[in-house]
Amino acid sequence: MKAKKVTALLISAVLATGLLAGCGSSGDSNGGESAAGNSGKIELEFFTQKREAADTFDKIIAEFNASQDEIVVTQNIVPDSTSVLMSRAATGDLPDIIQVGGMQDSNTMQFMKEGHFLDLTGMDCLNQVVDNYKEAIKFKGKNYVVPISANFSGVYYNKDKFEEKGYTVPKTYDELIALAQKMQVDGETPFLFPDKDSWTLVQCWEDNIDGSARGDRKQVYMDIANGTTTFQDDALFAETLQKVIEIRQYGQGDTLALGYDQAISDFATGKSCMFMQGIWALPSIKKANPEMNIGMFSFPSNSGDTKVSMGIDVNLAISAKCANADAAKKFVEFAASKEMVQLYVDNDYSLPCMKDVTANIPDAQEIVDLVEGGKGALQATALPKAVSDERQNTIQKVIVPEGGEDVNSFLTKLSEVFAENKDEFLELYGE
Amino acid sequence: MKKTKLVQRNQVLFLFTLPILIMYCVFFIVPLLMGMKNSFTDWSGTSADYNFIGIQNYIKIFQDERFRNALVFNFKYTFLLTVATVVISLIVAIVLNQKIKARGFFRSIYFLPAILSLVTVGLIWNELFYRMIPAIGEATGWGLFQSSWLGSPKLAMYAILIVNLWQGCATPIVLLIAGLQSVPVDLYEAASIDGASAWEKFKSITIPYLIPVLNMVIVTCVKGGLTTFDYIKAMTDGGPMQSTESVGILIYNHAMQEGKFGYSVAESMILFVIIALVSVVTMRMSNSKKVGD
Amino acid sequence: MAKSKHIASRTVSYLIAAAGALIILLPFYVTLITAFKTPQESAQNFFSFPKSLYLENFKTVFAKAGYFKYFMNSVVVTVSSLILIYILVTMISYAIARNMKRHVYYKFIFGFIVLGMFVPFQVIMVPLVQFMGGLGMSNKFGLILLHVTYAAMQGVFLLVNYIQNVPVDLEEAAYIDGCTTIQAYVKVVLPLLKPMTSTVIVLNALWVWNDFQMPLMILNKLPDTWTLPLFQYNFKSQYSFDYNMAFASYLIAMVPVLIAYILAQKNIVKGLTAGAVKS
C-alpha cells in the first residue's frame, strides 16, 4: 500500500519536473542557438537606453562583430530602461557596456559616484575628444565615460508654413513674441508644449530658454552652493522662468494635456508652426513625416546674443564588474573611432564629440553654425538629485493659472532643497 | 488498521503542502525579509554600501506630505472605484439577466475588456482621451470637453477611474449574472403572491444571494484600488502636478528614479499594513451582512 | 397598463445594454481603424474608417520584431504556469482544507500564505531580482515558478474556502472501498473541485498572459525569451511618435487572446463563475 502511494507521488513529482525541464531546456536551446555559432568567443552585452539610436547602434555592432573574430557584442534594449538599470545595479549585475546620458544627468552622476563604472583613463579614444569637452567629461580628474555625441536644444519650425506666410526667424525675444502674436492672428498655433511630460517642461526652461541666454550653468550653481546667491535672487532664473509662463499663451491651449510622443506626431503633421525640443526629437519627427521641411533656431535671448545650450547625449561606460574589461574597451574604442562616430552622428543628427568628424544636420544648420562659431555651452554640471527631482516633480505648478504656485515660491523651494543637499554638490564640484 | 491508514493519510496530506510551501518561502518570504531589512537602511538602491538607520525612514514618512497626499488619493480612488464597480456591474448584470434579445451577444461583449493587459488598455485610452475629448468638445461646445482630462489636475483621477472601470467591471458583471441566476425562481414567485414590490424582492431575495459574489468583488476592488499602479503608469505617471500620484507610483518613483530605495521599502511596508487592515475590515463587514447562510 | 410598463422597462434595458456595448467597443474600433491608417490620414480624422487597407504598419511590426517568437514564449510560460498551478495549488489547498480544523500546522500555513496577497509587489521587487539572479533563475523557468508562487496566494484562499464546503462523504466512501489517499484525491476529489479549479485557472490565465512587471524584471537580459507584453511595450516606446504603428502592434498582440476568447468563450465564462457562485 505504502509503496503504491510513494510511486504515485514520485510519478507526479517526475511529471512536474519533466514539465519544468521541458520548458527550461527550450529556454536553453534558445540561448544555445546564438552561442553555438560563436563557440569560444567572448560575449558582451551592450545596454542601450536611447531607443531612437537602436538602429544605428545595430549597424556599429554589426561592423564590430565582423571586424574581428574573438568578441561578439549584442545590443539589449528594454522597455522602462531606468528601472531595469537600477535594479541591475542593485543586484551587482550591470551590463558589460552601458550607454548613459551626459554629465548633466543626475542618474549618470549617481552611478559614477557609487563606483559602478570602470576607470577608463588613458584610453586612446579619449585623446580624440574635442578639446573643449576634455575637462568637462572628467569626474574627479578621471575618465569613466567616453562621449560619442552631443545634443542641443532649440526651436523647430515648419519651413513650409514660414515660407507660405512670409514669417522670418526671430533674432530677439521680442521678435519671437511678435511673431507668435502674428501667427495667432493668422489662425495658426505658434507652439506645441508637451507639458504632460514634465521633463520636457524642465528642458524648456533650463536648456532652451535659460541655457540659450546664460550659457554654462556651472558658476551659478557653485554660487548657490556657496550661499552667495539663490535661485530666486539670481536675476536670470526668475526672468527665464517667467518667459516659460509667458510663451505658454501662444501654445495649443491646455498644455498639460499633451504628451511628448503626441506632440511629435502633431508637429510632424502640421498642427503648429514651432516646437521647442532637443535635437533628439528630429529622427522621430522625420520618421513620422519624411516629407516635412524643418528648420531650427536657438531660443532667442533679449539682446539677440544667443548661445546654444548643449549636453553630452551619448556616453559609453563599462561596468566596474565587467569580466572581460579588455574586450569591452576594444568595443568602446571601435565605437568611438572617427568612422563610427561619423556614422553615428549622421544617423542621429547630433554633434560629434570626437575631432575630425563633421556634424551633418542640414535641418539645424543655423544652430550648428552658432556652435562652430564658439557659441556652444556644454552643460556638464548636475544638480543634486534631490533638487532635480523636486524641480521635475513640481514645475507643472508654475504654469497652471489657478491652484498653482508663483515663480518666487517655486524658486525659493528649490533653493531650500539645494541648501539641504549642498554638501553633496560641493563634494563633487568643489575645489 | 484504521489508525495506520489515518497516519498514512496525514503523511500524504503533509507532503501535499510541501511544494507550494517551499516555493512560497523561497520566492516570496526570503525576498520579503530581504526587502524589510532594507527599510531600516539609507540604501540608495544602487550604492555598494549603506547604513542602518533604525526606524528613521518610518518617522520621516509619517511627516512626509507627499506620502500623505498619495494616501489620500488612494483612499479617494479606492472608495470611488468600489462604489462605482458595484453599482455599474449590478445594473448591467440585472439588465443582461432579463430575457432580452441578443443577450448572449451582449454578455460576450461586456467581458471583452477583461482579456486585455492593463498596459495596453492604458495606452489605448491615453490616445483616446487626447483625440476624442477635444473632438466631442468641438462638436458640442461643452467646456468640460475642451481638452484631455488626463491633463487636468482636477479631472485626471476621474479619467483614470473611467478606464479602470471600463476594464474592471467585466469580471464582476459575469460573476453577478451567475449570482442572479442562482436565485431560485420560485422565491420570486412566492414573494409576488405575497404582494412584495420589485424593490422589496430585490432587497430581501436578490441581495442575500449575491452577497458572496459582492464580497469577492469588493475585496478585489479595495486591494486593486489601494495598490493601483499600471493604469496610472501608462496614462499620467502621477501627473499633472502630482495629482494622480498613488502610493504605488510614489514607491516606484522613490525606488527606481529618485535613489531612495530604503525609504521606498518602508513606504511599501506601511502600505502593506494598511491594505491588510482595510481588507480585514471589509471582509468582516460584508461577512456580517451575510444572511440566510 | 402592465404591458406598457413592461415595454418601457424593456426599452430601458435595451438602451443600457446598447450604450454600454458601444463604450466597450469604441477602443477596439479605434485600435482597428488606426492600425490600418497612415499618420496623415489619422491626423485628418481620427475616427473615420480607413480609405484603403494600408498594410505598411503591419509589415513593419512583423519585419522589426520576431512576433512569432514572443508569441511562443508567452504560450510556453502561460501553459506551464497553469499546469503547475493546477497540480500544486489544488494539492496544498486540499490538504489545508481537510486538516485545518484538526491541526494547527495547516491553520498556520493557510494564514501564512494568504497573508502574501496583501503585500505590494514593490516590497519584494528588487530583492527578488537580486535573489533570482543569484540562483541563476533569471529566465523563463524562474518566471514560471514565480507565477506559480504568486498565483498560489489567491488560489489557496479561493480553493480552501471552496473545499471546506465540499462534503467528505464521497471521499470516505472511497476509502472504505480501499482507495489510497492519492487515488481518492485524483478520482473523487479533483472532479468535485472542477468548478473552483476552473475559476482559478481562468483568472490566472488572464493574469499570466498579460503580466508585464515580473517578466520585465526577470527576463530583461534575454530578449529572446520575452513575452508578448514586453515586446509590445518595447515596440510602443520605440515607435511611440507613430501611433498608427503602435496601434498596429496593439492589435497584433490582441489577436491571439481575442481568438482564444471567441473559441473558448463559453468555457471561460463558465469557468470564471463556477467557483464563485454557490449553486
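Just so it is clear, A, B and C label the chains in written order, and each chain counts residues from 1 on its own.
Note that contacts are C-beta pairs under 8 Å (C-beta built on N, C-alpha and C of every residue); 3 or more make two chains touch, one makes a residue touch a chain.
Remember, it's a predicted structure, so these values are computed and weren't measured experimentally.
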Chain contact topology (line, ring, star, complete or other): complete
Most contacted chain pair (by C-beta pair count): B-C
Label of the chain whose CA centroid is most distant from the centroid of chain C: A
Averaged-CA centre spacing for the pair chain C and chain A, given as whole angstrom: 36
Whole-Å gap separating chain B and chain C, where each centre is the average of the chain's CA atoms: 15
Shared-contact residues (touching 2 or more other chains) in chain B: 8, 12, 19, 45, 127, 252, 255, 261
Multi-partner residues of chain C (each touching 2 or more other chains): 88, 125-126, 130, 145, 180-182, 233, 236, 243
Sequence positions of chain A contacting 2 or more other chains: 1, 5, 9, 16, 87, 90, 262
Chain A partner contacts - residues on chain C that touch it in the complex: 39-40, 43, 76-77, 80, 83-84, 87-88, 125-126, 129-130, 133-134, 139-141, 144-145, 180-183, 216-217, 220-225, 230, 233-234, 236-238, 240-243
In the complex, chain C residues that touch chain B: 10, 13-14, 16-17, 20-21, 23-28, 30-31, 34, 46-47, 88-89, 91-92, 94-96, 98-99, 105-106, 109, 112-113, 115-128, 130-131, 145-146, 148-150, 152-153, 156, 175, 180-182, 206, 209-213, 229, 232-233, 236, 243, 246-247, 250, 253-254, 257-258, 260-261, 265, 268-269, 272-273, 276-279
Chain B residues within the chain A interface of the complex: 8, 12, 15, 19, 44-48, 126-127, 130, 146-148, 150-153, 236-237, 239-242, 252, 255-259, 261
Contact footprint of chain C on chain A as seen in their complex: 1, 4-5, 8-9, 12, 15-16, 19-20, 22-24, 26-27, 30-31, 34, 45, 51, 54, 76-80, 84, 87-88, 90-91, 93, 95, 261-262, 264-266, 268-271, 284-285, 287-289
Touching residues (chain side chain A, partner chain B) in the complex: 1-2, 5, 9, 16, 82-83, 86-87, 89-90, 110-111, 114-116, 195-198, 253-259, 262, 385-386, 389, 393-394, 396-397, 400, 403-404
